[in-house]
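In what follows, a structure is listed as structure tokens, so that the remarks can point back to it.
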Amino acid sequence: MTLIKTIISASAALIASAAMVVADPALIYDLGGKFDKSFNEAAYEGAEKWKAETGGNYNEIELQNEAQREQALRRFAENGNNPIVMAGFSFASSLSEVAPDFPETKFVIIDMVVDAPNVRSTVFKEEEGSYLVGMMAAMSADKAIGFVGGMDIPLIRRFACGYVLGARSVNPNIEILQNYTGTTYHAWNDPIKGGELTKAQIAQGADVVYHAAGGTGIGVLQAAADAGKLGIGVDKNQNHLQSGSVLTSMIKRVDLAVYNAFTDGADLTTGFEVMGLSNDGVGYAMDSHNASLVSADMQAAVEAAKAKIIAGEIQIHDALTDNSCPAS
Amino acid sequence: MKKLPTWIDILLIPLINLAIALFLSALVVLYIGEDPMDALSIMIKGAIGSSYGWGYTLYYATNFIFTGLAVSVAFHAKMFNIGGEGQAALGGLGVALVCLMFPWPHWILALPVAIIGGAVFGAAWAAIPAYLQAKRGSHIVITTIMFNFMASALLVYLLVNVLKAPGSMAPETGRFIEGARLPTGHDMLGWFGIKFSKSPPVNISFLISLLFCFFIWFLIWRTKLGYEIRAFGHSESAAKYAGISPIKIIMVSMLISGALAGLMGINSVMGESERLVIDSVQGAGFIGIAVALMGRSHPFGVLLAAILFGILYQGGAELALWTNIPRELIVVIQALVILLTGALDNMIRMPIERLYFKMVRAGT
Amino acid sequence: MTKDKQERPETAAPAIQLKNISKSFGPVQANKNISLTVNSGTIHGIVGENGAGKSTLMSILYGFYKADSGDIYIRNAKTSIPDSQAAISAGIGMVFQHFKLVENFTVLENVILGAEDGALLKDSLSKARRQLQELSTEYELDVDPDAIIENLSVGLQQRVEILKALYRRANILILDEPTGVLTPAEADHLFRILKNLRDQGKTVILITHKLREIMDATDTVSVMRSGEMTATIKTNQTSPEKLAELMVGRKVLLNVSKSVAKAGDIALEVKDLKVTDEKGVLRVKGITFNVREGEILGIAGVAGNGQSELLEALGGFRKSQGLVSVYGHSLDLESPSGQEIRDQSIAHVPEDRQRLGLIMDFTAWENIGFGYQHEPEYSNSWGLMNNRKMRKDASNKMEKFDVRPSNIKLKVRNFSGGNQQKLVLAREIERNPDILLIGQPTRGVDIGAIEFIHNEIIKMRDEGKAIILVSVELDEILSLTDRVSVMFDGNLVGDRITRETNARELGLLMGGETD
């Protein structure tokens, strides 16, 4: 603790100089905040894992407003932090401004592509993971399944599209109910509304509800469990949140992306890093909490599909490329 | 009759307020195991200790000056415009449209048109609640709050479906072209050979906001319209007696208010992000209320209050960067300062007033 | 009530003694070394102009202010009164000019409000009901205990205030300008009640500016002038003229002398005018009258019979139906505007100067242009104010109308009522309008200023202006107007030539007894 304090006060003292070289990595959370039980928290866990293993230190900041994006990037870069990892697609524009000013610093952006020689762009193939959980949902339901998205943005539509395609591949006639919590950042953190939407979908016959809604998802999983139906978690393994009522979770290894970046340190390779099924960047979660919900047949079918996707035999449409989905 | 000397009124009392706020904040910081003196020095140094700090402080202050002026003008007509948030969001849209629509060769051409764009869009968003208040008596507080939600939904719709840059994940427009980007503090001081940190987003909008402080002062205290607005704000019935149309005053004051809020867009959208992002206002519309209250609706007071809030914002960001104080607690510290200096002013003022008069009597 | 027996022997001791009371607000000394003795079992009047320090003195007695120096003795015992609770327990009750009643509570609930005995209302209520009955028979204070306050007339509401004080065992009752809102008959009744109270051994302090009431009702009278107590006299040893002189510090003419009116052409004509208020109640029920150049038409009546609405309709403040024409030009009654009225050279001195006539938080100079801000002398075509001109005008007009203090930068709120009224009159009269509408010109105005205001109104008449004067003060109507119409329940119930009628006849008309 005292060591951290010394470093902090030292860095504070040298605020304007930027002359200091601390090779510590830095992590910037998006507006949702560090403990959102989802995306940002996954990033935090990756950093903590690295810290526990190596005993190193890292700087971090939870953003409070839009103007702080560029500010945080510049401040960490001036301070000598390297690499600087940012969790969220919203940093793309700021990063493309800042990156050229600090050619010696390596940046890692998650969920978005920024084309600069000192930037690593880590993107996930959420549609692949969503495809698999969509199959599982369709196999566990009679005639309808649901999807609750957070903020209605293209990224989340990519989740939805993969989910729909996966479900239809199992049962072409299944009805798929889709709702979004809202259109502002608040939509990531509205578990009450998430629960309401879930209840409404269940009332229309949905047996399984998949969420891609950050903190809002807590309400989705709760409402599904309360109604005796199944929920599907997202980003992290959320099976334990409602043990026995969460069919599975679509895992997106943000923690792995952060951990890898920190481990690579200042020498990390730049360019694209695509994390999909093939390199375990996405997947579905199996553990003791959902073992009884997933039959051996089901798992076999999913594993088969997974193999085909990795082999390139199944091509899943990426809704981001054309902002539309071939099925709905 | 009963009056404190000016130096106590505008200097001593705010300073005591500030000291108490800092003391309480220190307790909070101490409680979570950080060193309060360190935290204080990070905040102050970070906000005003370097050209970098000033750059951010004044950037935030510019936003608050515009929204603070917006609330002030409405206050003078006794309209409680809670809708600065939505009006600023629409103003940002207006600015962005201006910047995106034409191939601007130079910012000198783009800026005046962007100012008009931001003002018109902001005013338009204030016009409907104003009309409903003037003609139908629908309470302005309720309608402007509703319009904040509608503004945010409208912007999301436009950014997701219409304005989003192709291939971008985030719901935001593409970056404005070079000719629609404003000179920053670094650029402007550079013209005079003065060194100023390159990173902070403070830009020429700050000077424009100062200009508007003067305009608004002139409007309120030197023009017939300002006279009528103030008369209406002090007494609606007397204004009516004097032949001042309530409908006209409500409409005009709210349109000016909305336009000022909308002007914030030239700072945040054109000056800082150089693109339109979702929620570009980030609460500045609401901070404007506190700024106007603290500045007693006087443009000069608004300016000072806006700079204080700018310092708090920038100091808070520095705290978040270099300490382990969670951002929620940083908000608590900011709120303590606002509470003590703004809302609880009388708590300190009254005992001091009593003490002062006791001393004066004892002295005579 | 066994109290009487204990108190009787003490009548010799003064009820209240104030010794060397001083109080200042910043640089202003409101009370200077005031000593006053009020004997038990008397009605003691206190007169003085606005700002003479009467209210401050009574506020000190009732615990609203703390005196800077001096002592208060209640029945020979030195008493400190830090707040109104202490005043009440010292046996002092106060009836304010503006009643402090809860409008939608019953009489009984208002009486016990703040003096409940315990957590349960029921006991207090039945106890209060018993006591109220005793009090009302004892002092002729009849009020239905279950009536809702807002349904009661002003006179009855005032009785509730008195009952409230008596219920709290007040022996000393202070009344601040109690007759301002009463009809002559109600005022007479009030004085009967007060005399009754006195005869039962209570002490009454009556604050008023009406000298006639002092002469009628009090035993002793004290006069205050600029914070000092200038005299305390037995009432039967003085006269109104003498009191007025003591108050103002110079000789005052109580009756205006005026020549017979030389009425000219019809200036303002009103036909079948109807005014509906905000609640949809018809307040003016189709009245017709006219005013000629060079005459003063008085509209008399008890407050609340539609005169205020009439005046506001004529002043362009209120919508109305019917016809109002100024020298043949019909006004727009559907969407009236104060601007149109002023354009027709009509000036309007509203009844409620604080709510309508002035912006209380504006300075005096800003108020001098109020309503005339469009005039080219005050603002140019670009909409810029000529503040310098307004300040200059303010200085001139305030000097001419002797507004005190003569500080043009002072907020109007800080002027006394009389000086506020002078500001409004200075503004409206100095525009030299053809028609002057004027409501309650001397309400809350002190004697010295009344004389001045009356003379200004007569002067305007003699210059050939048409004047409508609405007043609830019969004395004012009788001494000032040329013709008088009485308004009762929204109708004009009698037209009289002023010098051919008298207070008794008008009083009957005001009470609704038409001819």
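So that you can tell them apart, the chains are marked A, B and C in the order they are listed, and the count of residues begins at 1 in each.
Here, contacts are C-beta pairs under 8 Å (C-beta built on N, C-alpha and C of every residue); 3 or more make two chains touch, one makes a residue touch a chain.
All values derive from a computational prediction rather than experimental measurement.
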- Chain ID, smallest distance between chain and overall C-alpha centroids: B
- Farthest chain relative to chain C (centres taken as mean CA coordinates): A
- Query: What whole-Å value do you get for the distance between chain A and chain B if each is reduced to the mean of its CA atoms?
  - Reply: 35
- Query: Between chain B and chain C, what is the separation of their C-alpha centroids in Å?
  - Reply: 46
- Counting in whole Å, what is the centre-to-centre distance of chain A and chain C, each centre being its mean C-alpha position? 75
- Message: Can you tell me which positions in chain A touch chain B when the two form their complex?
- Response: 4-5, 8-9, 11-12, 15-16, 33, 59, 61-62, 64-68, 70-72, 74-76, 78, 89-90, 92-93, 101, 111-112, 151-155, 183-185, 320
- Complex contact set, residues of chain B against chain A: 35, 38, 41-42, 45-46, 49-53, 56, 59-60, 152-153, 156-157, 160, 164, 168-172, 175, 197-201, 268, 272-273, 275, 277-280, 282-283, 313, 316-318, 320-324, 326-327, 330-331
- chain B partner, complex, touching residues on chain C are 25-28, 68, 315-317, 337-342, 348, 350, 355-362, 366, 369-371, 373-374, 378-379, 383-385, 387, 414
- Can you list the chain B residues touching chain C in their complex? 1-3, 222-228, 230-231, 234-235, 237-238, 240-245, 357, 361
